[in-house]
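In the two complexes below, chain A is the common chain; its partner is chain B in one and chain C in the other.
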Partner chain A sequence: MSVLQKLLTINPRYVYLVVAVAVIFPMVWDLRLPTVTSPPVEMLYKEIESLPPQSRIILSMDYDPSTVPELHPMSAALLRQCFAKGIRVFGMTLNIQGQSLGVEIMDRIAKEFNIPNDGSQYVFVGFRPGPVIIQIGEDIIETFQTDFQKRDLRSLPMMVGVKNLDQFELCISLSGTSVGYSWIATPGTRYRKKIAVGVTGILVSNFYPYLQSGQLVGMLGGLKGAAEYENLIQHEDKAKQGMGSQSAAHILIILLIIAGNIIYFVQRRQAESK
Partner chain B sequence: METTLSFADMVSLFLAAFLTLAIFSFLWKDNFFYKLGEALFVGSAVGYNLGLIYDVIIFPRWVTPIFYQYKFFYLIPTVIGAMYITRFSRKWSWLSRYPMAMLIGFGSGFSIPYAIQASIFKQVSASMLPLWSSAGFELNNLLMVIGVLTTLFYFFFSIEHNRKLVRIPVRIGIVFIMISFGATFGFTVMARFSLLIGRVNFLWYDWLGALFGFKA
Partner chain C sequence: MFWQRQFPLVVCFVLGVSFIIQFFVKHPVIQSDVINEAANFATIIGIFALVLGLYSITRMHWMKIRHRRKDWFFSYVLFASLLLMTLLGWILGVGNDTPFQWMYMAVMVPLSSTMFSLLAFYMASASFRAFRAKSFESTLLLLAAIVVMLGRVDIGPYMFPDTSIGNMPIWGVDEITNWLLEIPNTAASRGIGLGIALGTLATSLKMILGIERSYLG
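Let's turn to the complex of A and B:
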């Protein structure tokens, strides 16, 4: 058996091992690579920076544990920027398993800024099924009624004077599903609200057309988008920690693709010459 | 800020680490620990979802209005919703078509106009771009227009793609489609590795870091 044939029939466990090494070693050595900020990320950052203090935004954490590595760092970075600027955040989720993730991240980041959970700077209403996206345009208080801790929304300071989406400057949906389209179609198109999304890497190319058409005011794509945002707010966290491993893994994949192609063409030439 | 983990935190950390490694063990081969992790995941996810649905939807939106506030008109949507369950009966399954018809009718009626506006009209208008602006010739806009037109050519199946006039735009369209597939593949690789990195990050910083006292 030739070397090429041996490489083609290699036990996949060796490939897993090489991938594991590529991911683990940069983390062990704490390899931090520079991050270049892409325009969609910068657009969202500037959009939030342009809001005056005490503005209200909706942060919909529409994701579950399966996409936490990519989307949770985005939530953390966005919350840090908002809390640092005094922007009030209305947290919600359209994903049933996003409820405990949402309350965890909001409370944790609020604690970093010594913001009490009294409903003055942030509120988390928890999970509601998808159709609420239609209702919030008409009456947000009636739609949710209570927050995650069963407090009446009318009694919370940041909800005073709130009727519907008109009192919110921006809606951000973080998701690993196509729910972002619903945010674009309903609050974005029907109620003409500014929409931004944070999506998993797989969905990035699907949302680019909406960015180009101006239907999105910004977009964070995958772990890289989260790392760029951490860079912008100057607070390195989980996303930035992972970028060394991400780069090493990408180099490995590029090498594997090149090697695979070389083997394929060499084998084809050998077969033709025979 | 130095934080000390409680016993409960340590137990949950070890459990999470064990389950992560149990799932990863599938890479070696299917085994008891993988099956245990899988079963625990499915069971706990279903239990969690059911409990949450009762807590967030059924109790406040159904039990409370009917049994505590005596709003008996809630029984009308209850009956309509309950018709879904008739799917399990051959004799009565026709009843399930009514709630389905209502849901599909409302859903389509509400979402189609906005979906068309958001995904077709705005996208079409955004692809009609000027090739010259005050800044001069817009190469990006030209590429965008060529990309849209040639890709649409590729999906026009009423003319044979071998014909002279069609062959070149179709070939260019294929190039644009391939670039799009390449970008999607690249982003998918990034996403999949991000998930792996998330777990490795947990094992290294959160679990081993807590155990041996080092942190990021």
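Let's turn to the complex of A and C:
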């Protein structure tokens, strides 16, 4: 067996080891580089910046623990921007596993801004199955009735005067699945609400057509999107910390692709010359 | 026979049509009463799906333990975790600063994230073994993938920034990535999306009209 053949049939565990080193090293070393902001992220930032204080937005954290490293920093950055501007946030989730994540992030970021959990600046209603996005267009109070702490929504200050989606300026869905399409189809198309999404890196390309058509007012894509947003709000956190590891992993994969192809072409040339 | 054949067809027809007409009829009865009732049904079915899922996973792991199948011991771990989390949530609550929340954030979140991150290891291995420039199309895909991979991390624009030769601007990797995502990718995604939408529309109409009956079993 030639050296090239041996390289191609190398035990995958060695590749895994190199990936592990590439991911861990920048984390320990805290490798940080400047982040360039992409247009979809800037669009969402400007959209929220243009809202007056006391506006209401819906933040639907439709993700589960597997996508926390990418999507939880998005929630944190969006909440920081809203709370800093005095924008009121209605938190919800269409994913049953997102309930604990939603309540954790909302309370934690509110504490950073010394905002009490009295329903004046934010409210979290927890999980409801997907069809509620049809019902909230008609009557959001009747659909949820109580928040996560079983308080009557009618009794919460930020919900006074709220009937349906008309009282919300923007809906943002963060998800690692295709649930963003449902937000575009119902609150977006049927109720003419402005929609933005935050998605995992793998889904980014799927949502670009909706940006071009104006059905999305912004999009955060993957850890890079979260890092760009942290950069815009000038509060570097988990996403920015993770970008060093992601840079190293991407470079390593590119090098592996190049190495694999060089071996492939050399082998092909050797076979042809025989 | 009626309950097995005709009745499901009637339910499918009535609910299917009610969901279609909401987009065309703005009457309050349709917009609020009918749609709210239909959405309530869907919500209840969604909750029952969770119960069904619980029954299914319990049965599967019980059978695994009973027949001593491979890794049967881990089924006990599943039952213990299921019972523990249920009791913690039921007795002590599920909000912040509860044992349930601590277990969720300290155990469930890292475990799930770790499982998902394994993808990176498999992708690295596969990129070395399988991603080959065998034809013009695959070479094009390969080059686009490399550019987008560079453009989606901080180090890409740092290595290949925007520059210029004289008055002529030269795009850096970041601009090229944005162009690839906004133009060729959007065109391809839109084409695929339209194809899926037309297929879904045709299949849905066939189901609503009772032409497609395979879901009846």
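Quick note on the criterion: the second predicted complex is superposed on the first by the 274 of 274 C-alpha atoms of A that agree within 3 Å, B and C clash if a C-alpha of one lies under 4 Å from a C-alpha of the other, contacts with A are read in each partner's own complex, and residues count from 1 in each chain.
In this text, contacts are C-beta pairs under 8 Å (C-beta built on N, C-alpha and C of every residue); 3 or more make two chains touch, one makes a residue touch a chain.
Given the structure is predicted, the values throughout are model-derived calculations rather than measurements.
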| item | value |
| --- | --- |
| Simultaneous placement of chain C and chain B on chain A, clash or fit | clash |
| Partner chain(s) touched by A:Phe113 [first = chain B, second = chain C, both, neither] | neither |
| Which of chain B and chain C A:Ile24 touches, first, second, both or neither | first |
| Greater residue coverage of chain A in the superposed arrangement, chain B or chain C | C |
| Touching partner for A:Gln241 - first (chain B), second (chain C), both, neither | first |
| Touched partner set for A:Gln149, first chain B, second chain C, both or neither | second |
| First (chain B), second (chain C), both or neither touched by A:Gly222 | both |
| First (chain B), second (chain C), both or neither touched by A:Ser38 | second |
| Clash-bearing segment of chain B, relative to chain C, as chosen among 2-10, 74-82 or 92-100 | 92-100 |
| Chain B/chain C common contact set on chain A | 16, 19, 23, 66-69, 96, 99, 128-129, 134, 190, 201, 204-205, 209, 212, 221-222, 224, 246, 249-250, 253 |
| Residue ranges of chain A in contact with chain C within the complex | 8, 12, 15-16, 18-20, 23, 32-36, 38-39, 64-69, 96, 99-101, 103-104, 107, 128-132, 134-135, 138-139, 148-149, 190, 201, 204-206, 208-209, 211-212, 221-222, 224, 227, 243-244, 246-254, 256-257, 259-261, 264 |
| Chain B residues within the chain A interface of the complex | 27-28, 45, 48-49, 52-53, 56-57, 60, 110-111, 114-115, 117-119, 122-123, 125-126, 144, 180, 183-184, 187-201, 204-205, 216 |
| Chain A residues touching chain B - in the complex, by the definition given at the top | 13, 16, 19, 23-24, 27-28, 30, 66-70, 96-97, 99, 126-129, 134, 145-146, 181, 184-186, 188-190, 200-205, 209-210, 212-215, 221-224, 238, 241-242, 245-246, 249-250, 253 |
| For the chain C and chain A complex, residues of the former touching the latter | 22-23, 31-32, 35-36, 39-40, 42-43, 46-47, 50, 94-96, 100-101, 104-105, 108-109, 111-113, 115-117, 120-121, 123-125, 127-133, 142, 145-146, 149-150, 152-158, 174, 178, 181-182, 185-186, 189-190, 193 |
